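Chain naming follows the written order as A, B, C and D, and within any one chain the residues start at number 1.
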């Protein structure tokens, strides 16, 4: 295979079996050869074992070689493209696809045949992602892994499982480790979140049986929850789930860094809503209680335009001060304004808003003084938001959001935003 | 997306929602649109349901539209190839891959999110394959499905399962249905093949839990089996498996037409050999008892060069005649010659020989009057062959076979072939 | 321990380790000794293995010894009874119970600790029962085993399982073997009975995981089934179970001879009715289609009082003759008369009637020419009966039946019985 | 049924449906009647629900009534005993057994048919046992429950399961709760005990799927463990279990108070030893590291005969003082003397010694300063003992122990005991 000239330039001559990654790379070459076919999963296992033994330097060298040795040759691509243009038929198309697909993908498919292959490849991408900023040329490897993972972790291959106190400790300890929204402080904390008035569901893939890919935590309640404490405090009494009318999604966590970019949340939230609806026909409202993770940072930038109104925020413990309610109202209005008008491109700046609105939910309500944990105050100045999933509106909401970048919000939220002092000034970019 | 001009020429203008496949195609377009993202698996389910309702004509129209609407545009491909040539970097490579990959693959990935999605796609390809000869242009669809299936049915995602009398009837009846080498005549026949001196293993994929993908039948014996009857006759007494020294692989069957081209056999046979070795350390020999499915046809062509020697073969019941042994010897020699010298390109003409030799097995022995069933006489004139898997030789055998097209055979087999009357005449192409 | 004198008389002196059962009996004695406690399940396993090696004679000797050696001493019983009478307190009661309980029960409990212990004890009782008529003195062993089995196979320890085509062949072949009412002719026959408009449930005990204890077959239909053929014929099309209004229990089979006298049917039929009701709320009627297994024999006795009316019955194929309908009507009336008036003691002579009426069902309808299989004609002259289970009436029906020996029957059945020629003559004993 | 006169005297006239237990008792009577048979498990469920609603007073009344109403009549017992004496045959024996068995046993069997029936009966006995000292007349109920439980929880019905980090949290938290020997301080502590160089096994009964009955903790080590800290400290590194030569049983806990008197430990320890031996053939020694729970109390009594030698023991922290080793040696000798000579009847006073010696183990070694936890110092003055299980000696050791009350001990232990200052004085009772 011809090496693209830019790659030659970038990396100079290839390492001659030398360097710490030499053994791993030699095994990779063998795995892609004829001998590799015969030895099946055995050679794949050895290759991954060699890779795992590499330190950071060795892995860096390994990634460099993957870029250098296994990228498509521009000249061959041109020839195949020209052949397809001249005579577009199944054979020229097949040849084109074969030339364009980096040999890395076949390498990864063969590595995947080893025991624990999938887990190791996911770990490989996790490492790659943490170092990608320093090595932008590795993006081609990332693209190949992401392409494969999107195919392998297709919704059709995932199992939705309920997590409760009967679940293996092996899996449960991962919830404690991974939970990203409202920290789980230990086993007692976890148990409260798994009692009969709570639900937790996760997607699993058969090749990673002990690893949740994503999980969601739900409280079954009798009204729209507007504060987080009543949902996660240990002391809150357990309610009868059969009397619940609201399913409150109060936390959703992607677990695997190595699967970043493979989207599970949309599928998860909808299937959980459907399943809960079927088993608990009394449930009428499916809503989230969500953070605004970008709010605090945005607010910092906005404060110069706001005068002294928010000065008390700088005092630690402001949320317990006498005038907390007044400050809370101001934050409400700013939160509404932030969600409706702060943008990244045409979409909301806030990533959680992008996620739920992109899924077809509507922005229902802003709650102030709603998350008084240290993380909640720091992240969202204590605000939490309710997004509502109305099954019949999901498609049209989603379409309005994707095509027209329109945020579907309750009238009250829109009014709050209009009342915000920033609304008077010019519209935000 | 621009339609390749050859496709426009081939098919004329697209059907405007009309035609029997109109609804299915409209759903496909929606599934690939933004609304499709939001409605998740629901829309995929509807689309597959609509497809299943189509008759043969409708499905033909559907396949035509898949070729026409979802093939890459030659012009766009040229532009992306040129951009990559000019500035080969992660971005131009990503763009090139995106343009070259037919949108069909994304369509199939989204269809796969539906319940039973994988099973329906496998069924879709089965239908496609049965009609492909008449519609060679559908080969592009076939290539896309095969590409996805090779990724999805990667060895790393398969479960090896032992099949025995505790297995679900649901699965067992499929063995009866699929068995391709030595017919299973019913449940009594099946039970004999699952008793304590027999083994049966299959690969399963989590998305097709009741469907074996491939299965292998093994007899644990005390000597190299040279005839099939003692392995499958109901009347043969059950032996103590702990005393066995030989594992005889006497049947291997690919079950899913829709997965043709995804290779399972190599992995299966090696893992089964390893597992059996571990659990039964007394096993010393791992060998097959295999048919020569192309022998009878080849022999027909060869007979004009052989004179009257084989004339008795034309008499039904020849294998029970007095001189059957003499004829058998002649067939042995011809069988050896056939396996060593009859070629398709540089490889053996016989598909079973290609499979086992390609896996790294060696051709050990030719057995005459070894399969006297109607199918066995018709297919291989009663011959069966032993291929032997010696774990330590597999890699080098495979390499010799793939690189030098060399068939590793026992001396006795080579001698038989030399003694064959055809050997005197010119070498066969 | 003193041997009861009647036993000494019956059997003479005990075998001195001699006789074929000598080894087994020696092991039993050891198992009941102190050494037995220490060696735990090992000794129990050896003892059962020794027992299994015995032939019929040896086992007979074994049973004789169990009677002779392990029955309570009448003198010791008297002493304990007297002590209890004089000073009834926990200690004297405990002593009394200990003396009265045959040591056999402790022996069986210890044997049960072996692997497969329960299965072997069930097999032991099966053998005992088949020979009990010749050896009435073995009834004391039978009583001990039955006492233990009633405790061990308590409903609280049973698992209700649905049987369908996903069930293990191991279990399914037992349905074919055991089915006692409407023969299952093979696997195709069985499959029809397990399709989506049929249900089959069985009780299992954890210690006998592959052995159904009792199973029931149900057809989900849209009307009261009055003939068996439409329920079991292979050719009958599969109906949509969601539209069914009637659950027809058409066969119920006790599987384990060794568990005779442990009653499962009452629990099974009620739990199945409850479960079906919960999952299929459209089901309104729970009824049987049942044979009258004692009818033909009773009819034979009754015919002398009936004149020539039933003469055509003696012609083979009578049910296909022109006047079959007329004869059928006569049989209907006789069937009604038989069920209402033919008695064993105060209860119905017919065992199936005793079972369903004893469970609290009502006699709903007599169907003539309803089972035209050879067995059905021979057993019940082609008659089948519907018993109906109305959940709200079960308790009162049962009580009326048990306390007042009253058969709850539909008016139409009572009228049929009154119209029967036998009704004119004197009431039957 | 006639009420035994002593019972009438004890309790006076029966409560007329009055009293808090009235409803429960009425349901019990119905359950034992004919109507009870028909309503099956439903009535049993109601009865147990009513019982669970009772407070302590109500349950006391309930137990009183069980004694009063359901004990065998002394007169009827006398008549049956006399009949058996006069004509001992199967019928008179059956009648005798039926009269002697308290109706309570049938009541409990029927209650057991309810969902959760077994669990409730076990809870009932737990309550009974805690109050038995105040109500010695309830011993007859206890005897009935124990009789049933010994039958129901027969080893043949138990499942041995390995407990590890894959086990359900539901079960794991019970280990933390129940562990009786070396406290498990939380989930981190538990995890260390379940890592790859540790083993934990438990018996389960199918009717109590989430409740371990007994569990044992094992450390796989490379030498005889003589101190507890290296086995349970969090900081101890995990060793390779494949290199272990010793299986150290360092904790065994009976979990269910309600099953007191049903013996599981003997079976558990032997099966675990056998299973470990089979899977890890390198294991040569199976030994315990056990406390002497009665030592501290016995020592208190013995100290007056010992003079001032043990005075330092009264100083908290004595085990960390300079002369701890000297004191440790004295305690060693006293421990040996205690185990060999302190008796309850003819058996060792120490309950753990009775258990292991009764199982056929030998007393191998006394370890001083071996358990320095607060509980260990208080219970056994820091001593721990090794009992060794040698499979080939178990039967004879057990027999010597049971028949001759002989303690099999290593020579070194016997010498220690002889050197003890107490040995000089007279032998202990």
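Definition applied: a contact is a pair of C-beta atoms (placed from the backbone, for glycine too) under 8 Å apart; a residue touches a chain by one contact, two chains touch by 3 or more.
Bear in mind the structure is a predicted one, so any value in this text is a computation, not a measurement.
> What are the mutual neighbours of chain A and chain D in this structure?
In this structure, no chain contacts chain D and also chain A.
> Which chain's mean C-alpha position is the greatest distance from chain D's?
Result for the farthest chain: B.
> Just curious, how far off is chain C from chain B if you go by their C-alpha centres, in Å?
Once rounded, the distance between the two centres reads 51 Å.
> At what distance in angstrom does the C-alpha mean of chain B lie from that of chain A?
Roughly 39 Å separates the two chain centres.
> Between chain B and chain D, what is the gap in Å from one C-alpha centre to the other?
Centre-to-centre distance between chain B and chain D: 60 Å.
> All pairs of touching chains, please: list them by chain label.
Pairwise, the chains that meet the contact rule are A-B, A-D, B-C, C-D.
> For a test of understanding, state which residues of chain A touch chain B in their complex under the given definition.
4-7, 34-35, 37-41, 71-72, 74-75, 77-78, 80-82, 84-85, 87-90, 93-94, 96-97, 100-102, 109, 112-114, 117-118, 136-137, 139-140, 143, 147-148, 150-152, 154-157, 159, 206-207, 266-267, 270-271, 358-360, 394-395, 397-399, 402-403
> Which residues of chain C touch chain B once you look at their complex with the stated criterion?
Listed in rising order, the residues are 165-170, 172, 186-187, 191, 210.
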